[in-house]
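The following blocks contain the structures, represented as structure tokens.
Each of the next two complexes has chain A plus one more chain, namely chain B in the first and chain C in the second.
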Partner chain A sequence: MFNLKQLLQIISYQENLDTEGFILKETKDDQQKAGKKDQGQAAADSKQRSGAGQQQAGADAQKDDGKVEQQAGKDGQNQVSGGEDEGAADQNKRSRSRRSFRKPVPSSGTSAHRAAEDGEVSASLEENRESIRQLYGLPGNKDVIIRDFTINTVPPVRCFAVFIDGLTDKVVQDLLFQALMAFAGQAAPASGEKLVDLVKDSLMPGNQVSVTASFREFLDGVNYGGTALFLEGCGKVLLVETKGWEHRTVDRPQSEQTINGPQEAFTETLRTNTSLIRKLLKSEQLTTELLTVGCRVRTYVAVMYLRDLANPDLVAEVKRRIEGVKVDYLADSGVLEQFIEDHPYSLNPTTLATERPDRVASKIMEGKVAILVDGSPFVLVVPSTMYEQLHTGEEIYRRWQFGTYVRYLRALSFLASFLLPGLYLSLVLFHHEMLPTELLLAIAGNRERVPFPSIMEVLMMEFALEFIREAGLRVPGVMGTTIGIVGALILGQAAVQANIVSPILVILVSVTGLASFAIPYYSLAFTTRIYRFIYIALGATLGFFGISIGLFIQVLLTSNLKSFGVPYLVPTGPRTSAGADVVTRLPIFFHESRPDYVNPQDATRAPKVSRTWLKRDRGERR
Partner chain B sequence: MPVVRILILSLLTLMVVFTAGGCWGSRETDEVAYILSIGLDRGEKERFLVTISIANPQNIAGAGAGGGSSGGSAGEGGLGSSVIMSVESSAIIPSLNLFDTSVDRKLSLLHTKAYIISEELAREGLHDLLLPLIRYRELRGTALVLISKGSAREFIDKNKPLLELSPTKQFELMRQLTGTHGLYAVTLFHNFYNDLKSFAVDGTIPLVAIRQGGQGSAGQVAGDSGGHVLGYYEAGEVPITGGNPAQIIGNAVFRGDRMVGVIGGEEVRYLLMLQGKFREGKMTVADPLAAGTMVGLLVKQARNPKIRTEIDPEGNVAIDVDIYLEPEIIGIMSGINYETEENKALLEEAVSLEIQRGCQELIRRTQEEFRSDIVGFGRKVRYHFWTLPAWEEFRWLEHYPEAEVNVTVHSKIRRTGLQLKTMPHKGGG
Partner chain C sequence: MIREGSFGPAEAVILLAISNIARFFLPYPRSLAEIGGPAAWLTLPGGLLIVLAGVYVMSVILNKYPGKTIIEIIEEVFGPVLGTVFNLVTFSFFLAVGALFTREFAEAMIITALPETPISVITVAFLAMGLAGAYLGIEALARASRLSYLYVLGGIVLLLLAMIPQCNLDNLFPLLGRGPLQVLGNGSLSTAGVTEIILAGVLVQAMGGAGNFLSIGFRAMLLAYGIALALMVTLVMTIHYQSLAEFTLPFYQLAKLIYLGRFFQRVEAVFVIIWSVVGALKIALTLYGATVSLTRLLKLPDYRPLLWPLGLVMFIVSLLPPDMPASVRLDLVFLRPFALVPNYLIPLLVLAVYWLRGRGRRAGS
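Showing the complex of A and B:
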């Protein structure tokens, strides 16, 4: 065991204090400088964070006392840190475990900042200015602009506006300043409260103006592109909506292209996205609830649903999960998806992410809930089933015969995308009798010149295809055509001529690749890409027996999934009423009810007779 | 940590599945040699002379794929699409191991499409020859069984289907081809095995042979009436010149597991008509109105024959067969307008009589000469018995030669080809 210990020691991490942190290698000069700076800094910092300094000392003492005393030390430390703010305690713990790890002191976590953030707006302009300076780290932070001016009332009122350069619309702001500085020729009341009302009601031309006394709301408004107006002698701040940052315009869908149907896609702007949906569903029942996620940086998350249709329990659950996400920053709807999904360890995605507003609208019309994340062009729709993930929405726009045909084609491609290489291997390795003689001899003849076992052959081609897929995605645009040429050469002629793979396998792998591209939902295509390798392993070791085992387990795993309480394989997983739109897409006038599994408030989509112009009224006979 | 535990558990399960449950019998296609056909002759020292034809996939793929730029030369130089080997052995399946001493791959019967047995062996009985094969895991029940009129080795050796790249395609096409002429009745391995076990029917196996002799001198015309010469041949006698010397026509007739005789191609047609398996075939009948000329017909079986059987307490069986045919006129040498109602009836009559006579003659031969019920009348007679033991007790196959069989043929000409009326040529020509 001695050797094992030694080995573990060699491969385990040992800290080197000289090269720790961001400084890769310290020279002697650096060390001397650092020593001086440390001393100086310690003296300077000691005032600001005396509590933290004490703890540091305490922790150091415990360290010297050794392990036995550690428990006691912890208790003592807890006593010391009681009443201190969280950030400091956190820092202390870390410093204890990692010893003298030089961690930069967090600037935003300081108590002064916290105090300013939670504080109320003061009546004094100077005090407010000082608070803002603290909150935004002025004058270091150059994005935040404080504009001093006087309102042209009688008597003039001193005030200043706060906004962030680049987030505001200059035209709207010009209008604002013009109105206040030039055209406001009214008498100003002495009282602060009335002054605010006057400015808000008669002087300011902004379309969304709110009044608040809280710095938190002020920060949220200004950070989201608003302009804040502080008035002399008034304990309130006026927030004007002047959003106008650079953004992408509404474009065609990139990853969910269709021939028929609307050609708009979501963009990165939350308000644009909500309006795209509302544009399709012009209803007063369509509700957009705004939530925020993120402790350090707040990201707006919109939850959209039809108030008279969506099941209130579903809406409550969606909101509960989103509100329960504690994270410092929410980067994308894909991140939120991972936080709120039911089965993070399953390969199958249980939410539907789409960039098509028409698709989201149709889902909302089924009683589902859409989740929009600010900054993400993909909208999540919950609950989601596997059948739904194999739809594109386009089938509805086409005539039902075409839609049905495409659905069955897609079902076939779904199966082929993960089963085909495994089936080939089990046929070639175990079940020779199942192939027609001529085909078997053709396969065998081509394999004669290939020096690898067939599993190697398949894996090489599969990985070549995976490389091409990944490279095609990452290749810089100018070099885009190279991928086509190189890919075609590798996967085509050259590999066969070099006797590395047999030509039949080239066809097989390309068909598998095509089948996987035919799956409309990218996440689901990813699922099958990974399942494919499991089936290759099973087919190569156990033949059809292995593939049957694999299918059995996969069906069990998949049917066990739920998406916001709805079984993933509904309506076949647990058998429920199928409706007119699962795999076979029935004629549009049979789409009479909404999906059963969503339990919408109104299950009827259309009456029995949706084509009332028909002379023979079938409804009456029923 | 339940996740870790689940991971470890599933890993262990997978290991068990792969090690304990895994069939390590996987074989790459380049580790196996596929036997395409097996020939069985009487051996000189041992009991059998086993001949195998092994596929040479390189040649098949190289010629077919078109990508043979690199590999074509390897195939063209030496081997053809198959390799033929023989060994003397006391049993068939163990002989495969003997072959393995010279072939470097495992021999596999998975794609064996034909078992060719020499007439000599067949006349001794096939029972102990076929039964071990039936038990063998790799046997294809859908393989063809053929009886070779000479040595089976010679047949495999000289059989060179000219149009086929794959040597097995010939045997696969044979199964379809019987439907277009009915000159032989295809027997699959499991069919023959079932016939062997049955108390109601005797088996037949198609007859193959290599054409002997030189140009066109093969065989003598065996037809006795001279009216419908087509098909009065047995294998090896059809006077074809050129092409593949192998011929398949006629069937070997079995009593039990022993071959007792041969019926020619025309008789096989009557056999198929009686069984209801005749699809279509071209025939000629003597012109009923103009002596010495022929009328060509494409005869199709309209529906299954009606077979009524009666059995009296003494065990005498009477069988009435009604055959329904639909001939279509191909050619009228005499130029007589057989499309008219009255002439058509005459022609139908002639066809019916001709075929009726042929069927009766076939039944006479099976009763007197072969004493074996190859038509399978026993399957109908069986319905008169309440229990299986009673039926087995009856010993139908021994009663068959005494049974009274009457065949009636009903013909109806519904189509006359592309012409609705025959116009005699202007003459003088």
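Showing the complex of A and C:
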């Protein structure tokens, strides 16, 4: 029969001691609290432990499990007192305080790994081998290869090479081993230091060789496709650059296709990407700084800028933000973008991610900073403005009239992409008087047989379009495109024939979709997709007044954004020197200065007269 | 110390000008037609002269106390008791303008676009926009006004151009309307009842300090009165002043008259977007002005915690007038004369006290 005490016990929270074992670190406060509560019990524990000898680290997980841990002693295994009856054990568990969480303690492997990682290379080959075994979890880890061999010096020197299978270039490695095993006929010095120098300077054919005594550097080198060479009697390790993993070759851009201009896109390899930029900007001032992000797995992040152009404060801020990212693993530049952007809660992206090296090169030439993440084919450019995100970079390759025309077309499509359905709903629901009678009758006639209210019609079609868009991306290859076209056509026509939507709405939603596709920056297009639904709701509830509420709030929020300290809507909000390349793309010879909002070290892009031949011609004119 | 942000002269000019022309989208032109008859438009140049004088006086005061806003100056000049009283007058003026404009814009929206929507919903929507703007700060508001002014101005210009076929020059005569005293006296005093002089005095530090004040103030008022003049002239020429005095929303009536062929007619709904954006800016600015005035008065470190309660007060006050005519009457009888106190009277008193003190000091030395 339940009494009050039992009832309270049932309804009060009790820790599930079987599963709550993942508190990684105990704070000092916890320790103090626990210390007071468990004083008596701890004393009992300590007595039992004192005779138990050294415990195996894996068994430490049960150390705090207040229940008596009986040490088998002889074989080092722990045994939980099995003879106790379960009822007593449960009672004991209930009486335990918060202190009695089962804390996972780093395994002996982890602590030894840390020690080895922070340690230095030994002169003994066997000790080094043991350290490497601990570091890489050998022999279980089959990717890591330790290749023993002898260098053909006089006298021969024992050594071993360490590398990760699949990350290295076998041809380069063959050359390396050949040179050391077959062609090294020189006398080996007795001193380890001199031996390392001899191998590095005279025997090793690699193009990038470094010497280190740190296991951390050794790990970084080998994990990044290098081959490490340990020599007998030498407390240093030689790291040879032998990268050669499988990778995608430089291809055409997938999401930023252009007709004019270069047709190369970045790949997933950091060094390929830096070289693609350097190939376009052949300048000694172009600087690539390498940073690492990630506590558990280190990812290289390259920061590229022109030393004599980029604002040093901007470069310092970019580096400060990247260095300030504390995460176990950085998967992509998109992840880094979310860590370093100014306004993570805003819909608008405040960095520019591009897969085109020519675009990055042109931005670097404006004094901006490029951020490349190893493994990502998208490069971030900061700071970025909204106008810039509506450019493709291609406009500059065309004649200015075409570029300007396309820009205005794109500006229109930008507005249409989020406003059109909301405006339509406002018109048909609130402001019919605006529509000429013929058009009004046509819309009414089409809607006559549709049983749904206009808002439902719009939402159904919009969601259908979103489904097609998402499905088109996920369905593989050619089928994706087919689904996109067929889906849109069949779905639209069938919906009209089934009297689910009116034909005019199909046209409207299609135009909205097309307008959305005309926005060149994917993240910005995504932003408008979400804004569109907000405007649909506002237009359907308050008509044009609702639309103006949305516009006002959107303008306020957008004008409040900053990208690395630069206002997002510059040069119109705030007003700064507009330059020749905002919406109207002026003739190329008017592009005399760089955007002043970046505060570049040199604002002049070209002299006042950049077509000097014209001047000469004038002089010679008859 | 309040962190207000800062914006450039171009943004400041547009911000003050848009704030000033907001009243012309309401029944205000109707009252000018009542005062001036066919010379309703002539009330504006006289008002402009008074406003420019007011801007000059404010600029003189601000230049004598660099680094301070009018709120701190008033307190310093009149002392803690009288200064607080005067500052409370300023604060209540902002609150009254905000509340009345909210009500009038809400009523206008019901008349023009949403006849079946409850007024509380529209008022809440306007106040939500105002709160959002005031919360994001004056910098965001200035940028937003700078971004939207092209559309506002473009809309007005299009409207005026579309009205050209219907303009009748005869409607402007007799040129002095109901007599020079009525037009240049009462009319000018009415059009001089603005919010922007004292608002600029409160925002002076965000606008770049007292150094730019005169130029910004003059340019803003010239732009605003220029637009207003064009609107009034077109209104009088298109709609006879007697009819004009009968319309609740003359600007809306003007937009209704647009007829550019069979397809482009009855496009007045488009102007709803323009004037609701202008209205929201005005409400946000007055709410911001009220909050910042009170924050400076109470010497608080941040204005944002006061926004919500003051927004609520504004909402409640805006719903106090029983109907549209009552709110219009409050605007004319109470708000316009009241505007003369914080914009002209208090600054003149500040200047007088400063001058008297200076004279006293000189006499003492």
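FYI, the second predicted complex is superposed on the first by the 493 of 622 C-alpha atoms of A that agree within 3 Å, B and C clash if a C-alpha of one lies under 4 Å from a C-alpha of the other, contacts with A are read in each partner's own complex, and residues count from 1 in each chain.
Note that in this section contacts are C-beta pairs under 8 Å (C-beta built on N, C-alpha and C of every residue); 3 or more make two chains touch, one makes a residue touch a chain.
Keep in mind the model is a prediction, meaning the values are calculated, not measured.
Once chain A of one complex is fitted onto chain A of the other, the partner contacts of A:567 are limited to chain C, with no touch recorded for chain B. After overlaying the two complexes on the shared chain, residue contacts for A:179 are found with neither chain B nor chain C. In the overlay built on the shared chain, the residue A:575 is in contact with chain C alone; chain B does not reach it.
Of the two partner chains placed around the shared chain by superposition, chain B is the only one that A:428 touches, whereas chain C remains out of contact. By the document's definition of touching, both partners, chain B and chain C, reach A:545. Contacts of A:557 after superposition: chain C is touched, whereas chain B is not reached. When both complexes are aligned on chain A by C-alpha atoms, chain A residues 430, 433, 542-543, 545, 549 touch chain B in the first and chain C in the second.
Residues of chain A touching chain B in their complex: 345, 428-430, 432-433, 437-438, 440-449, 453-454, 496-497, 499, 503, 540-543, 545-546, 549. Listing the residues of chain C that touch chain A in their complex gives 7-8, 10-11, 109, 113-114, 117, 122, 125, 128-129, 132-133, 136-137, 139-144, 146-148, 262-263, 265-267, 269-270, 272-273, 276-277, 280-281.
Put simply, chain A touches chain C in their complex at residues 430-431, 433-434, 436, 542-545, 547-549, 551-553, 555-557, 559-560, 567, 569, 572-575.
Contact residues on chain B toward chain A in their complex (touch as defined above): 3, 17-18, 21-23, 25-30, 32, 34, 36, 55, 57-62, 64-65, 67, 69-71, 108, 110-111, 113, 138, 140, 166, 168-169, 172.
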